[in-house]
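Two complexes come next, and they have one chain in common, chain A, joined by chain B in the first and chain C in the second.
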Partner chain A sequence: MPNVAAGASGQRATSAQIWRRRAIDLASVLVPTVLFALARTVDSNLLLLVSIMVYVVLAQGVNVIYGFTGYLPFGYVGFFGAGAYGAYVAVAHLGANAVEATALGGVAAVLVGVVLIPLLRLRGAYFAIASLAAALALSSIVSNPAVTSVTNGPYGADLTRVFSSGGSYWTAVVIVALAMVSVVALRRSRLGLLLRAVRADQVSASCAGVNVVAARTGAWLLSALLAGLAGAVYAWSISVFYPTAVFDTTISLFAIVFALFGGVGTVLGPVVGAVVLYYVYNAIGVNDPQYFQLIFGVVIVIIALFLPGGLAALALGARRRLGARRGLGGAQPVGGSDVR
Partner chain B sequence: MKVHHRLLGLTGVCAAAAGVVAVAATQAQAVHTRVSSKAPKQIIVGTLYSSSGAFAPDSIPELDGIKFWVNQMNKSGGVYVGAFHKKIHVKLVAYNDQSSPTTAATLYSQLITQNHVNIMIPDFGSVLTAPAVAIAQEHHQLLFDATASGTVFFTPNNPYIVGSGIRNSAFWPDPLVQYLVAKHINKVAVLYDANDFDAAQAATINSGLKAHGITPVYYQSTPTTTTTYGTLINSIAATHPQAVIELGYNTNDIPFLNTLTTSGQHFKMVFTVFPGQLPQLFQQDVGTKGLKYTYTYATPPLLPYAKVNLGLNTPQFVRAFRKAFPSVPVTYPAMAGYGTALVAQEALDKAGLFTQLSMRRALANVSGKVTTAIGQFKITKDGAEEGEFLPVGQYLPTRGGTTIKIIYPKSLATATAKYPAPTS
Partner chain C sequence: MVLYALISGILIGLFYGFAALGLSLAFGVLRVVNIAHGDVIVLGSYLAYELSTQAHLNPLIAIPVAIPVAVVIGLAFYRLIAPSLGRSKDPEMLSLILFFGVSQVIEALATIGFTVNQDTLLTGPVGNGSVQILGQTFPNYEPVAAAVAVPGALLVMLYLYRSRLGLATRALMSSRADALLAGIDVGRTSALSFGIALALAASAGVLSIYVNGGVNPSQGADLTTTAFAVVVIGGLGNPGGALAGGLVFGLAEQFAQSYEPNWAGLVPYALLLAVMLAKPEGLFGRRARYA
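Coming up: the complex of A and B.
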């Protein structure tokens, strides 16, 4: 029996290539997870670490929906806020513990995602604007005094009775691992292949028998789940928050920029983007915000003009050049960019 | 199915690795303990401010008020720390959160875990104070709450927060309700923003009026992001109110008043929240025409406290602050920053031990006995400020402009209210 199997790219791969790919996938999940787990030994600011992990998960969520389908969700924060308030409702009304509440936050975001599925009928700028409007509407609903008995309306959410900086930190590590596993699995799965086909040419994919609506819906809900979990663990980590804090559109923008900077459609790109830019933001933005805004703006312009594939594209180019020199050609990058 | 198997395998390996690392990291983490027996070289005051974003107009003056206090202390040889019977130099550490709660959360953590501040004063308002509450409680760090009036902050099981500046906003409109009732104003329209600060005031007005048999003819919330008021003003006008109360932040009050000026509508009484706190900003952005005869809360320095037993009195503070910061107007947030720092000063002075809880106990002991330039310092058993009182003020014409005069209660009034407001 020949030792070959079908890869996600549709080409037949040798056994060695399969094992190499599995090793890369495993490393893609383990390296960020272990590094985040160890980070608290070198940085005692747990909230900073949780924030970075939250942005890593959000950037991966953007990666799933934008990298695999081409839908740019400016209102992505809506899922984040839904997750935060889902966790609050779970604790305040259902008596859930913090871990259960975090999971239910993810479920709440998925439910919101289900309600918003019709948005997928829109494309391009229309989808981006509609998703932003949906997030703002959700924020207004949550903060409306009429729903005070459910969300505590404008008076803010209090999760202090389940507050645990250590607990939220380790849960965030697990969620990062889950996000990494999700992206790796999606990239290697049949669904990932279908999504790439749809993204490349929706009509052709449909004619070839791809269920376009189902494929996009799958990515949309996975993306919602990740944002919901991130929102829930963030809510747990700060414990006292207002609707304006968890429905802040800056959260969407940061997640999108981090994902683009690192490289959408890759596994590690959004992680690198979130970690690098959020640390830069904290190092420069806090004391000299004007410089940060300048740097941030310049970075975005450079990405848009010269590096649409983000840092991952640089790594891919360097690897290809290296492979060409060695006569190997067409080598797969770490974290790969075969999605694009 | 292959993917599923691989997924399960990956998850298992991750979980195992995370578990091993968790144990190792937890054991390795050093436990930070506060040494209170030896006097520190300096008292570190940590705070956040917003140089940009929605809270910048209030946050920057609050920081200036704190800076003013720090400079005063250091000029006099430092702040007196009762536990060591000596004065110690004060160092201010201030980070810029840019009005972002997410950024504020990490910076509060940084102030506590890396700067090891002795006194922590959060940024302006409830939204930016909220991220500090749990982290301060966890690290046993007393939070000197300057300008947040959040209803969820003060709980019986959290001794690590003390209201040092403004009172819970639910109590703010009490004099306003009394004024409306006294004036027999029965048709009241209330438009409020859907946030903690404004909704609490609206609820107080609603219940206060209903207690006197008055049901507001218009009682509506709007998102805090609202800046377009044309339709809302017309809807209010359709109810023919005798008084219109708009409860928002300055970013709401300014467009509301500007839209009202250009809408062609005229109401007998219009009340907004922030003109009394940021009069220079409103004079600049709304102007005399839009402000004339409108009502607002009269806060210090409009409401002066001449008799104080801690720090400068209100007129002295106004003079000294103008001298120290000639380009900065004297506003209520600046005074709240100063007043909060004075409360911290009192805590350091009266605490028998140099610990956060000892400071909190010391403040509970002096509650109701201390008056500063912003009024009486009095806290509930949960630590919420309850000593502050906000009279009703009205913009009345002066030569070439307008000025805010206190019109209610009568014991504090500096002028008589002009009701109904003239049309010109």
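Coming up: the complex of A and C.
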């Protein structure tokens, strides 16, 4: 986007550019939300649609933490499971209705995120593996027979009392909107700016007065909230589930790959990545998961070696090349040619 | 029960240490996080399984078969990825994502080739029978695993501390730039270390099919987590540390299983988190000690 490039280079944007940016932001929130709201008229498989929306939210959550801070959470599923079980505990023990339970699921995940704040002291692979260990530990606690009175242990959670396929569907649409708003707001907000500064150079950012720890913690808790809400609404829509299902590390895997495939650090990339790959999964992955996993693995290797920006980088590169050919292109005439 | 847990913890701990050696070497030398380490272990297990069931050989023969194959694959693969790693701003993160993909590919291929079912080797010279140690009865494979792990680790130490290539490897561990300046062929040394790391993983796989009660394609992720825990506990890039980390891990696991079986599953993760947060350089790694 040329106008963003102009803004980032420190020149004052004209009011036309500001309005255009606002229109783009609004569209990036509204288009996916409206499309998902209308999707039920095209596809009557509501559980499939809810699953896609859940993965859109999870991919955006990974986007928030990985795209903005560089922390890759292999254990992201921990928040998802915390959300699902938070919703179960809210319904079974607090007598909450389904919408309240979904919100409380998000709160439960944020609480887990607060407990895990010390993990942010670790970096790179250490953080990735430690977050995985934390998620597995949480799963092992929740499914322990000793806590049967709270979570029903390994015997599974039952939410059939509040089941409502329409209700969970519309709640999922609202959560997708929330996720989109979060990412757009994060990109435009002061916090987003701070996080980008930290990512670019942690020491310089901290010297310039950025509270590195606070900024990271903000992104961490926001991404925990998104995963918790996704987990809760997923629990509501399937209504009967076991710890192994909501703490399945495949969920982290999917969320990370969807986000990387679409392009982390962008607003729409993770949405496109999640929708495209989940449909592929639904077409071949349910019956032949190993072939899907093979495609998945190859996609990750290709992204890592050749396409670190995901689909979004591909689209942006194509646009720049097109723009350069037409002779338009405020998009860095030099930078445009070595995007490849 | 104390004696049983103690001996079993030591024997299995030595195996864990051996299983983590390759990960430690790859991380220490190349700064490459091989998330596919556990999946290479799984491939080693399948090699032992096939040799035993198809060719009716002693499964331990899989170790000398696996080593040259793994070294060659490792050399070739490292040459393939080195340019991308060299170009990257953050090679550690890139390797994390790259090997994450590789681990998915290996798991998928293993599933296509061997189905998702658990395969076990209960017959044959290692699988059945038991031995008496100090009045306690242990399954045969525990001392066998330890008897392979200890010389294996000693060989790696011999290589690192008594050979010229090992000297180059240790130089690379302490500083890549200095090693380059000293005229060390960094590319070749790195590729060889990666090959050795894969060979160690595959050899550990031959034992893993017994210690873990069989093999299935989805074991890889757990094995990687375990190996990573051992490496973190022991400190990076130091074979002695890996064995010591394995002992701590094995003992903790065996004692937990003897006294608190319900919560035993939590022990590896809790141990990993505790060490990472309290002493990230590992219990046995001095910060300055790279060699």
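Methods note: the second predicted complex is superposed on the first by the 309 of 340 C-alpha atoms of A that agree within 3 Å, B and C clash if a C-alpha of one lies under 4 Å from a C-alpha of the other, contacts with A are read in each partner's own complex, and residues count from 1 in each chain.
Operating definition for what follows: a contact is a pair of C-beta atoms (placed from the backbone, for glycine too) under 8 Å apart; a residue touches a chain by one contact, two chains touch by 3 or more.
Model, not experiment: these values are computed from the prediction.
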item: Superposition on chain A - do chain B and chain C clash or fit; value: clash
item: Touching partner for A:Ser51 - first (chain B), second (chain C), both, neither; value: first
item: Chain B versus chain C as contact partner of A:Val31, first or second or both or neither; value: neither
item: First (chain B), second (chain C), both or neither touched by A:Ile129; value: second
item: Dominant contact partner of chain A by residue count, chain C or chain B; value: B
item: Which superposed partner A:Leu260 touches (first chain B, second chain C, both, neither); value: second
item: First, second, both or neither for A:Ala304, with chain B first and chain C second; value: second
item: Which superposed partner A:Tyr242 touches (first chain B, second chain C, both, neither); value: first
item: Chain B versus chain C as contact partner of A:Ala13, first or second or both or neither; value: neither
item: Touched partner set for A:Pro145, first chain B, second chain C, both or neither; value: both
item: On chain A, positions contacted by chain B and by chain C; value: 136, 140, 144-145, 289
item: Complex interface listing, chain A residues touching chain C; value: 70, 72, 118-119, 121-122, 124-126, 128-130, 132-134, 136-137, 140-141, 144-146, 249, 253, 256, 260, 289-291, 293-294, 296-306, 308
item: Footprint of chain A on chain B - complex, ascending; value: 3, 6-7, 10-11, 13-15, 17-18, 21-22, 25-26, 28-29, 32, 51-52, 95-98, 100-103, 105-110, 113-114, 126-127, 130-131, 133-135, 137-138, 150-153, 155, 158, 193-196, 198-200, 202, 221, 223-225
item: Contacting residues of chain A [partner chain B, same complex]; value: 22, 25-26, 29-30, 33-34, 37-38, 40-41, 44-48, 51, 136, 139-140, 143-145, 152-160, 163, 165-166, 170, 173-174, 177-178, 180-181, 184-185, 188-190, 234, 237-245, 248, 250-251, 281-282, 285-287, 289
item: Partner chain A, residues of chain C touching it in the complex; value: 27, 33, 81, 84, 88, 90, 92-94, 96-98, 100-109, 111-112, 116, 217, 221, 225, 228-229, 232, 262-263, 265-266, 268-270, 272-273, 276-277, 280
